[in-house]
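Naming follows writing order (A, B, C and D), and every chain is counted from residue 1.
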Amino acid sequence: MNTSVNIAGITFQNPVTTASGTFGSGMEYSDYVDLSRLGAVTTKGVASVPWPGNPTPRIAETHGGMLNAIGLQNPGVEVFIKRDIPFLRQFDTKIIVNIVGRTIEDYCEVVDRLADCDVDMLEINISCPNVKEGGIAFGQDPRLVEEITSKIKVRAKQPVIMKLSPNVADIAEMARAAQAGGADALSLINTLTGMKIDINRRTFALANKTGGLSGPAIKPIAVRMVYQVANAVDLPIIGMGGITTAEDALEFIMAGATMIAVGTANFINPTATIEVLEGIKHFMIQQGVHDIHELIGCIKEK
Amino acid sequence: MNTSVNIAGITFQNPVTTASGTFGSGMEYSDYVDLSRLGAVTTKGVASVPWPGNPTPRIAETHGGMLNAIGLQNPGVEVFIKRDIPFLRQFDTKIIVNIVGRTIEDYCEVVDRLADCDVDMLEINISCPNVKEGGIAFGQDPRLVEEITSKIKVRAKQPVIMKLSPNVADIAEMARAAQAGGADALSLINTLTGMKIDINRRTFALANKTGGLSGPAIKPIAVRMVYQVANAVDLPIIGMGGITTAEDALEFIMAGATMIAVGTANFINPTATIEVLEGIKHFMIQQGVHDIHELIGCIKEK
Amino acid sequence: MTSTVRKKGIVIQNTKLAKDIYSLWLEAPFIADSARPGQFVSLYCKDGSRLLPRPISICEINKEKGRIRLVFRVVGKGTEEFSYLQEKDTLDLMGPLGNGFNLEGKKALIIGGGIGIPPLLELAKKLNCEKQVVLGFRDDIYMEEEFEAFGKVYISTEDGSKGVKGNVLDAIRYHQLEADIIYACGPKPMLKGIKDYAIEHGIKAQLSLEERMACGVGACLGCVCQSRETDMHTHVKNKRICKDGPVFYAEEVEL
Amino acid sequence: MTSTVRKKGIVIQNTKLAKDIYSLWLEAPFIADSARPGQFVSLYCKDGSRLLPRPISICEINKEKGRIRLVFRVVGKGTEEFSYLQEKDTLDLMGPLGNGFNLEGKKALIIGGGIGIPPLLELAKKLNCEKQVVLGFRDDIYMEEEFEAFGKVYISTEDGSKGVKGNVLDAIRYHQLEADIIYACGPKPMLKGIKDYAIEHGIKAQLSLEERMACGVGACLGCVCQSRETDMHTHVKNKRICKDGPVFYAEEVEL
């Protein structure tokens, strides 16, 4: 049975990775999960310098989902290079580094700094709804998506994944823009902007007022977008948004995702990644599927 | 205690109405709910002629929500005028008629036909994700929103509510466009486009492939959009999206909604509208709120 | 105001009949009072992530004790939840919903396929005429004896392990069963076969249909089937299975 | 690999101590084995609409029997669900999480406010020095006797119905209590008051903090508090309460 997939020349032993920001740099969950069993670890967004993030409360629960407004707190790329890359390299897994910035130059600085580092792929987060500048602002305008993609591609030594925002009218347009800019792959979806109000205190549940909605609640939107993007461009897709079980993951794969990422589900079950992987294999055995590629986009068109 | 609100000169005895399409024309639920207790009944989208809607399956359940692809099946405005208006007029409630069309002319035809009818308000659905032409296509482009609004306003004898689509990058932009077109009020949100895949049969769960996501799962997105729109325009807002309890309704009201609509929750509990209304009153008593207006938009700005 | 609001029922007994098949007796006088064979109830899940009610047909009615019986197959998370119900547990439900069967005819063929069998038991009990019962199974047989109390029972199994090998129509043809009225419930292909058979043989047929539902009360237009004529309510060629059905005369609907 | 995975615990007993306050004994040897005072567990809801684990401090540990005790206040849907738990029910939980208290000092002031009281019981039991316990309540008193086994207990109530009228600091001042170490758990304003008091009087203080959590294991950065110095892990002035806390020395954190 073959579960390995290839994206932009990199081979992943299986299609399961982690959604950026939900798995730290892998360290915290290495107590729960043998990281060597994952196709890749995708790390928390990293910037050129340390970011303190937003004030608390940063987390609120919603029906079937959660809101977060971490605000991209991160220790900066230098610490990441010194501490997190060597840690992850102990394991037999690929490393996808999620990158954030306030300006295109910010992103490029991190990309440059990582050029000679031992990481496998870069994932460019142009879709974080929780920071004022940068982030989502880049992900909602196709011209900016193309511009930032092409500027990063010029400098990046590793293949580049553009991570798309679902807070748009036409996700396919954004995907085409990223393709035009030279992206090697796409990941989607990031969180949807949401809000919760504490009616007793008549205040926002999050200090940041709005936060990013993730978890099972958003899965139908994510599957739809993966399907639309798979039909709009020729790039490999890393699908995510509410994946909790292997069945969820298989929806994304059938919709056209080459890899899938487990995010919020890690918080609910620290071994979710492994259970999703095992479940995919189990499904393949049951259905007599010899190669995961038989499933990728298998309902693309009726 | 005052729970009555006024929108565009129409007074509603309380802020609770039904979300279009989830309450039929009120007839089915009149067995469960005394319609005279509702602020208004908002009826299922009606077109100039009968529409057969989409093939089945039209319904799929998702985590904390549901997908529907009814495709705006409706008996046409003539039947609506003959049967549904007289039925609803038996009750001491306001009538909001939801209108759909494939072209601007379609909408205008229904608006004209209703001009001399005894209904209180028109709600223009430019946000249905389940039909090929019309519907959502109008709701995702600010120029079209303004155009259709102004063309309808010229002919409408009743105040006009424009119902906005959440499948956009910037909901405030759409709200401003509707305001520029002369809308009397706004309602939001309609459903988010979603998809579910039946992995065992490797087909779409819905015959229409995609459907509209509604229910508690989408509430945080809806509250955020109501808040953004309340801060962007001066129009009264009818808020909806996942309202199941009075607490949910109060989030929308505090975010800036003058009225709220109960939708999918009717399917889960046929008396949901009344329970929401009772709960709002209970909250007002508990918190010593004498007039619902003290709550509307009470956290608009910190 | 209707009595069919969402209310609590109390579990009297929940027993496993066959692989994945459960028989659930509920105390629900508000339903038992007015229920008729062929009607259904909406069962609500306790888990808040599963919003929509599950439509389940009424299998038996005990008006004296205010009880109803449901027989269901575990096919997903909702029915799995119901399979765990134990004596004295409560669960929310609403009903009776839908129209039910018209009791008519002199010589009836009662035809059930798979999980379409249980809804026919109360019908078999109430029907006051000559009754022949045809039950089609994939493999595991259940409820056969229960039907024997009301008429001769003929069995078909797909694997031929019991009765006639094949489907219910194979059994009917094999046993050369005749009737002036057919009552049927089961998967769509079976109902389609029965419709054709009924038309061919000039037999009146009542068919109980199934579709994904949301409201269960006729409001959402989720559960329609195609009708031959324009429907009085919808004004298109569509009928609502939850409200206008689930039982239709064969000639009313396109399958 | 850690032993703190999500596993099933079995309810031994769930009793109501006061209005909305429940005491829950669980069989969970995988937690009891290594748990220390001041650590917490993540409790998972059964209802799939509530995804995030609820952090609840460990109140007592019985290593021999492999049991832990949790005391919680019903404040929302999750804790309401836990209040319905009955003997023999199972529930998923993960732990022990966090750092716990450092056992130190010669003369300790153990200060608890409201639902911050229970986490101090195991501490009072384990602490091997002179102990004074100050408990602050709004109205209903609970667990007072349980603490009396380990030291003299002083009470403050907001309404003055028992002990000193006011808060825990009022009680400390009134009784002129002295100490070389403070252990405290309770609402943020109380902890802030204690921090100031401790600095003013040159007393070392360990404070147990609270914040909304998602992962509970240090990965999501949801639960941070501001730290005085740049944190070794985050490289900003932030510490993760779930991983680096919940117990901090007063001078480490900004309240």
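Rule of thumb we're sticking to: a contact is a pair of C-beta atoms (placed from the backbone, for glycine too) under 8 Å apart; a residue touches a chain by one contact, two chains touch by 3 or more.
Model, not experiment: these values are computed from the prediction.
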Pair of chains joined by more contacts [C-beta pairs], B-D or B-C: B-C
Remotest chain, chain B as reference, centres from CA atoms: D
Intercentroid distance (Cα basis), chain D paired with chain C, Å: 55
Separation of chain A from chain B, taking each centre as the mean of its C-alpha atoms, in whole Å: 33
Distance between the centres, which are taken as Cα means, of chain C and chain B, whole angstrom: 35
Distance from the mean Cα position of chain D to that of chain B, given in whole angstrom: 46
For chain C, residues contacting two or more additional chains: 48-50
Shared-contact residues (touching 2 or more other chains) in chain A: 63-65, 216
Touch-based graph of the chains, sorted into line, ring, star, complete or other: complete
List of chain C residues in touch with chain B within their complex: 1-2, 4-6, 44, 48-53, 94, 211-225, 233-238, 243
Parts of chain A lying in touch with chain B, wherever the complex brings them together: 62-65, 67, 140, 167-170, 192-197, 199, 202-204, 209-211, 213, 216-221, 223-224, 227, 242, 247, 250-251, 254-255, 283, 298-299, 302
Contact set on chain B toward chain C in their complex: 21-24, 28-29, 31-32, 34, 44, 50-53, 56-61, 63-66, 68, 70, 73, 75-76, 79, 215-216, 264, 266-271
Interface residues, chain C side, partner chain A - complex: 48-49
Residue numbers on chain B that touch chain D, as the complex places them: 63-64, 216
